[in-house]
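As structure tokens, here come the structures.
Here chain A shows up in two complexes: once beside chain B, once beside chain C.
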Partner chain A sequence: MTDLSQFSDITPVQLNQEEPQLCQILYDDEYKSVMGILLALLAKKEYSDRAFELTQAGIELLASHYTIWNYRYNIIVHLDKNLYDELDWCEQLALDNEKNYQIWNYRQLIIELIISRETSDTVKKFNAYHEFPIVDEMLSQDSKNHHVWSYRKWLVERFKLYRDEREIEFVAKRIEYDVKNNSAWTHRFFIKFGDEQVDQNVINEEIDYVKQKIQEAPQNASSWNYLIGIYQKFKKPDELIDLEEFCQEFANINEENVIKSSYALELLGKINVKKNNKPKAIEIYSLLKDIYDPIRKNYWTYQIKEIEA
Partner chain B sequence: MDEFLVSKHQKYFQLCLNSLPAKAQSEDSNKLAIVYFCIQGLDLLGKLQLTFQEKKIYADFLFKHMIIDPNDEIQSFRASQTFKLPSSQNNYDLPNLAATLFALSSLLALESDFSQNLNRHKLMRFVSKLQILNGPEKGGFKPVLDQKGGQVVGESDLRHCYTALCVRKMLKYDELPLEERLHDIDVKLAERYILDRVNFNGGLSSNRYTESHSGLTFCGLGALKLLNYDFNSNETWVANTIRWLVNRQVDYPQTIEAYRDEEYEYWDEDDIGGFNGRENKFGDTCYSWWVTASLKLLGDQYFECINFGAAEKYLLSKSQSRLMGGFGKDSQSFPDPLHSYLGIAALTLWKGRSGLEYTGENNLTGIDELLVISQTSSDFLKQMEWK
Partner chain C sequence: MSSKSNNDINADKITYLLGLLGRNRTEKELNSNIADSDYEDIEDSKMSTLESMLTRPPISEGTYISDTTVAQDDVSEVIQEIYEDVVQTGIAAGFETESHMQYARRSLFNALPWYYRSLDANHGWMLYWLVNFKQLLPTESGNAEPIAEEISMLVTEKINSVIIDEGLGGIAGGKHQIGHAASTYASVLALILVEDYETLNKIRPNLYIWIMRSLKNGPDSGDKYGSFSMHPHGESDTRSTYCVLVIASLLNILTDELREGTAEWISRCQTFEGGFAGVPSTEAHGGYTFCALASYFFLLGKPQNEENGELKAQISKYIDIDGLLHWTVMRQYQLEGGLSGRTNKLVDACYSFWIGGVFPLLEMVLEEESLFDREALRIYILNCCQDSRGGLRDKPGKSPDFYHSNYTALGLCVAENTYSINKEKKTGADNYAYKITSIPISGNVQFRAINPIFGLPLGYAEKCKEHFIRLDCK
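The block that comes next holds the complex of A and B.
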């Protein structure tokens, strides 16, 4: 908790006293005093250590307010604060409040500032691996945190980590830990195929990899979308037919109708459309409509009409 | 039979419109958003019954959020009066794009003809200054403007792109002859920016190759629609997007082996009929809106692919708050203005589609799914004339 007595020379701004008001927030005393002083400091653009300290209290109360972050950033620049200390501060704040989303954009700006100040004489250049522990820690709290994953993606792009061994191992572990983690699959697609050059070997390896993951958990939209995504991006439309046998492993409609995956069944339907085997495709979409994916019955009816048209 | 608790929802919005508890402090920077949810929410219920005098008081309150530019070059709004600073020192009183949209949307429900009070060229100068013209984010928009050209904390993503285009639409800037648009945005760059964010699975995301998300998908599709993009041009991505959106409706049919035998922490039977924001995630009231409105934007034939009956059942029996009125984000949560508004918006969009009538359904008026405002607000906008 910030010691507010150091601001005895500041007259806090009285918050939002105008009448009448809509959606008037009944501020508590802490908010009134912290924000009141902060506004007074903002008005006179005070760049000081005490203001720096107060921004933390402000951010803890109102993380979504861009102005406080801007102010803190400007203080850092004016007072020439240690930027690695600032990264440590960010880290603690993120761990204490995982819903604090603005922090990741701010952290990027601090890192850019560090890099912009590096010269050929700088002994310790910024290393992207510095960021790995905090990302791991955040994902251990919430393995699908959209902002943390976006941040990780920025790191890869910014520091060209596409084929970095630690990056590849990181995403493999995330999928191993939870094969249905769609964030991890998305990140994998990015590091494997987001770069300009994609090796044909990588495409084949990834097809083998995702097939194996589908074996582990056949009813998983994330892995099926990954497989279909690769085919759409790198293969000719008719090559999808190559997957027929693979799909039948999880959706054997010829025998006892054991359906381990509605996604396999769907793809089998699509393959039959490609093969121009309309009756079979309609039969499959009807199974989805009536038995295996009934909530989407209108969608399957629409697909059937498309075939018949 | 399920019941839509009209008078409870009305009381909930009226209560919020009056005052909010201290825990809402953390949303102070979204204050005009809350006002918008409450005013538009009441309008969807047909219960925004204000006298002429009350409407004027409400509108005056909104106009007070305008930021006075000492050079009188731009017009914009701030998110909350709490952040108002003396105008000569205004570089910590940042013009806010979202607040500008929420102010305009709310004014429409109040039938306040803002063409009388605002200068659309100055507003568009603000909006166009937010557009990023270089680098990987080229074409996108920043959420706030630092007029001094300083470093601004705040990501650019599809939300801001959609917001910018909504403001432009509400100012009817797109209807002006090209030569009369003094400060327009670069529409080609904006379109490229959005299309670059279509993912391999068909969803759209905050950035290239980040995870597809239903809310951002709505923003991207809405922004494209506002740019008159033709979704029927038979692009592969549109079919992928439809498939991805339709698959957001949650179900765990027992005919599939895994749903009988396996457990997964994100599979919750309470979510059935609802919608999620991404694959293998929980359902949430707001996605009932984002997903189905997205399909509506793409075309009626795709909108019809939704299971309206199951969708209504989820909202009415799971996320509607029987005690307080309003809607929570899921069956476990307290109501809040955002989820209440979007829950009601979704029911309004689906009105009459399921064939299953529920008590209170007839109270729902109509909605403009592109601008996410009531039909009455949309009609008012249509007849507004800029001098």
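The block that comes next holds the complex of A and C.
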């Protein structure tokens, strides 16, 4: 139980406690008093150390309570708290409760505050690498956590970590560990191509890299999306035809009719559309519709109709 | 009801399917199945969809093993067992309307145990999820029953208790909390369900000020220009942006100034995969994709004198429709029939709406009747997502909750109807979002149509909009 003795001067506000009401929550006593006092302090705009400490208890009781997060932030600003200590506090909280997502937006605010307070004589400027251990740890616990990956993307963008060695190594490891981790592929796309200053070598390297990953697991939407994504972003539409031979490795429709990847087959269909080989494209989409990907029969029918139109 | 010959066909199908599944059943067991009176309940069309779902395509998933494949295999195994059981017993689940109605009533009226404090910042949401869920449930007459006076009164009371400064601070997630765009969105929908236009009218000028002053990211906000934040210092993403557009449109306060820069900002959230992310360059995701596409229905020009393809032409100025369609159709899974929220993630019933709801929008844009397998989605929801105590759930093994109950039921409304834009629909609203009509899919259909842009039964958003248009004309 939180010690509330120093709040004897505060009358807790009533939470949603009227009766009758729809969806009434039977709050436990601790929650009622901690939140009641916090919201009372907020109402009188008290920015104090005691309020600051109590926000921690509030957040521990309910991590999604955005009002308390916002209140804590305003206290930090008013009291000129040590911001690095605040980052450490956040870190512990994240490790204790991995589903907590408010924390990541909050962390961005704190870092922005740190930067805004730096002056030309600040000795120790904020270093983005400070963030790597916690983010790595969170992603090793939950490798597709959308909020953590979004935070990581923000870091890259904010601190211009495009094609940064450590960042590349990190994401390569995640893909190595699970080639079907689509969050990792998405992040890779961003660190490689996100700043529009892309040189041709990187594009070619990435095409080789993803092709090799497709060999490892041909029926993997993530790697095929990455490959096609690169072509769409950097190549002329007709250049997709260059991939014909590669696709045939996984979708041999000419001879034995061995299909190792529906994504390869689909891309072959698209390539034949580009080549204006309509009958072949229709044949491929029909194979997908009838045999290799029947759950999407309406979509393949639509594709065939588009070709015939 | 069904004739002997129908039984014969079904018996053959069972033998065929059991063969595919590698099961050997004796003649006697098959006969005992046929003797089961419920057996006749399974329709041929459902049987053939199920047959196709269980018949996995002849592509080996390969020998690759990772966290993703292990998690997927676990789910596949459970669902395959459920479907095999349907085929073997001939008993497919029907929708347990009564038990879900009890769940909705219980959740609204019985006090919730302390651990529901996890929803203490979501009071408006709880009202929307549960009242909407209750309104979506099938009725005997086929028409929605009017909402009980008791519920209407209590919705009005509760939401009035979380409005901040008559709307100047938005609507909060609970008493004494701060205003939040998503809470405001959910609360506005709840008020629309109970048709409390009086409360809405009282706050709408102030909500407009709140949106423009506290939420809109203007031209000086750099990368965020065109989006809206949940609250000052809160996150800005496609979800908060959608919420603000819905509020503003329904209350007839959607000015050009409000939506300045928004269509362009959202377009930057489309990823190389084709779906949309919460902010530019993060991962394409079901919830954000719905919010992004639905937003365009408020952002395009007036649908006047339009010809076929006009909507598509307008929307294609901002986004890659083919890419979006491709990513969206890939969300449906062969065995499960249900939908997933991201590439290589598991099926989850709430995406029956977040992704399921994208389909009617795409179908309206492309003027197509059905771009996914609606029957397969129905099969997933009915057989895998109903909890025996009432309420709907993510997948087998999970507990039902308010959120999944609402979005899964909305998914059934998508699956059982087709949707299109009716250009002649008489409405004062100069906006595609209010020109939607629907046709029930023939067969055993129970669920009424919704307006997929809003996630409300069809008619509620339209009526509210008309109300405020009329008021503003005076």
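By our rule, the second predicted complex is superposed on the first by the 304 of 309 C-alpha atoms of A that agree within 3 Å, B and C clash if a C-alpha of one lies under 4 Å from a C-alpha of the other, contacts with A are read in each partner's own complex, and residues count from 1 in each chain.
Going forward, a contact is a pair of C-beta atoms (placed from the backbone, for glycine too) under 8 Å apart; a residue touches a chain by one contact, two chains touch by 3 or more.
Just so you know, these numbers come straight off a predicted model, no measurement behind them.
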Fit or clash - chain C, chain B, common chain A: clash
Partner chain in contact with A:14 - chain B first, chain C second, else both or neither: second
Which of chain B and chain C A:45 touches, first, second, both or neither: first
Partner chain in contact with A:177 - chain B first, chain C second, else both or neither: second
Which superposed partner A:252 touches (first chain B, second chain C, both, neither): neither
Chain B versus chain C as contact partner of A:293, first or second or both or neither: both
Which superposed partner A:56 touches (first chain B, second chain C, both, neither): neither
Partner chain(s) touched by A:277 [first = chain B, second = chain C, both, neither]: neither
Contacts of A:2 with chain B and chain C, given as first, second, both or neither: neither
Partner chain(s) touched by A:216 [first = chain B, second = chain C, both, neither]: second
Common interface residues of chain A - those touching chain B in one complex and chain C in the other: 15-16, 18, 20-28, 31, 35, 39, 42-43, 61-62, 64-67, 70, 73, 105, 109, 144, 146, 149-150, 153, 157, 180-183, 186-187, 189-190, 194, 217-222, 225-226, 229-230, 232-233, 259-262, 291-299, 302
Chain B-touching residues of chain A, taken from the complex the two chains share: 15-16, 18, 20-28, 31, 35, 39, 42-45, 61-67, 69-71, 73-74, 102, 105-106, 109, 144, 146, 149-150, 153, 157, 180-183, 186-187, 189-190, 193-194, 217-222, 225-226, 228-230, 232-233, 258-262, 291-299, 302
Interface residues, chain C side, partner chain A - complex: 52-53, 55, 57-62, 64, 66-69, 107-109, 111-114, 116-123, 126-127, 130, 151, 154-155, 157-158, 161, 172-178, 180, 230-235, 271-273, 277-279, 281-285, 323, 325, 329-330, 332-334, 337, 342-345, 366, 368, 370-373, 376
Touching residues on chain B, where the partner in the complex is chain A: 16-22, 24-31, 34-35, 38-39, 57-58, 61, 64, 79-83, 85-86, 89, 92-94, 136, 143-144, 146, 150-155, 199-201, 205-213, 236, 240, 244, 246-247, 249-251, 253, 255-259, 262, 264, 266, 272-273, 278-281, 301-302, 304-307, 310
Touch list for chain A against partner chain C, complex: 13-16, 18, 20-28, 31, 35, 39-40, 42-43, 61-62, 64-67, 70, 73, 105, 109, 143-144, 146, 149-150, 153, 157, 177-183, 186-187, 189-190, 194, 216-222, 225-226, 229-230, 232-233, 259-262, 291-299, 302
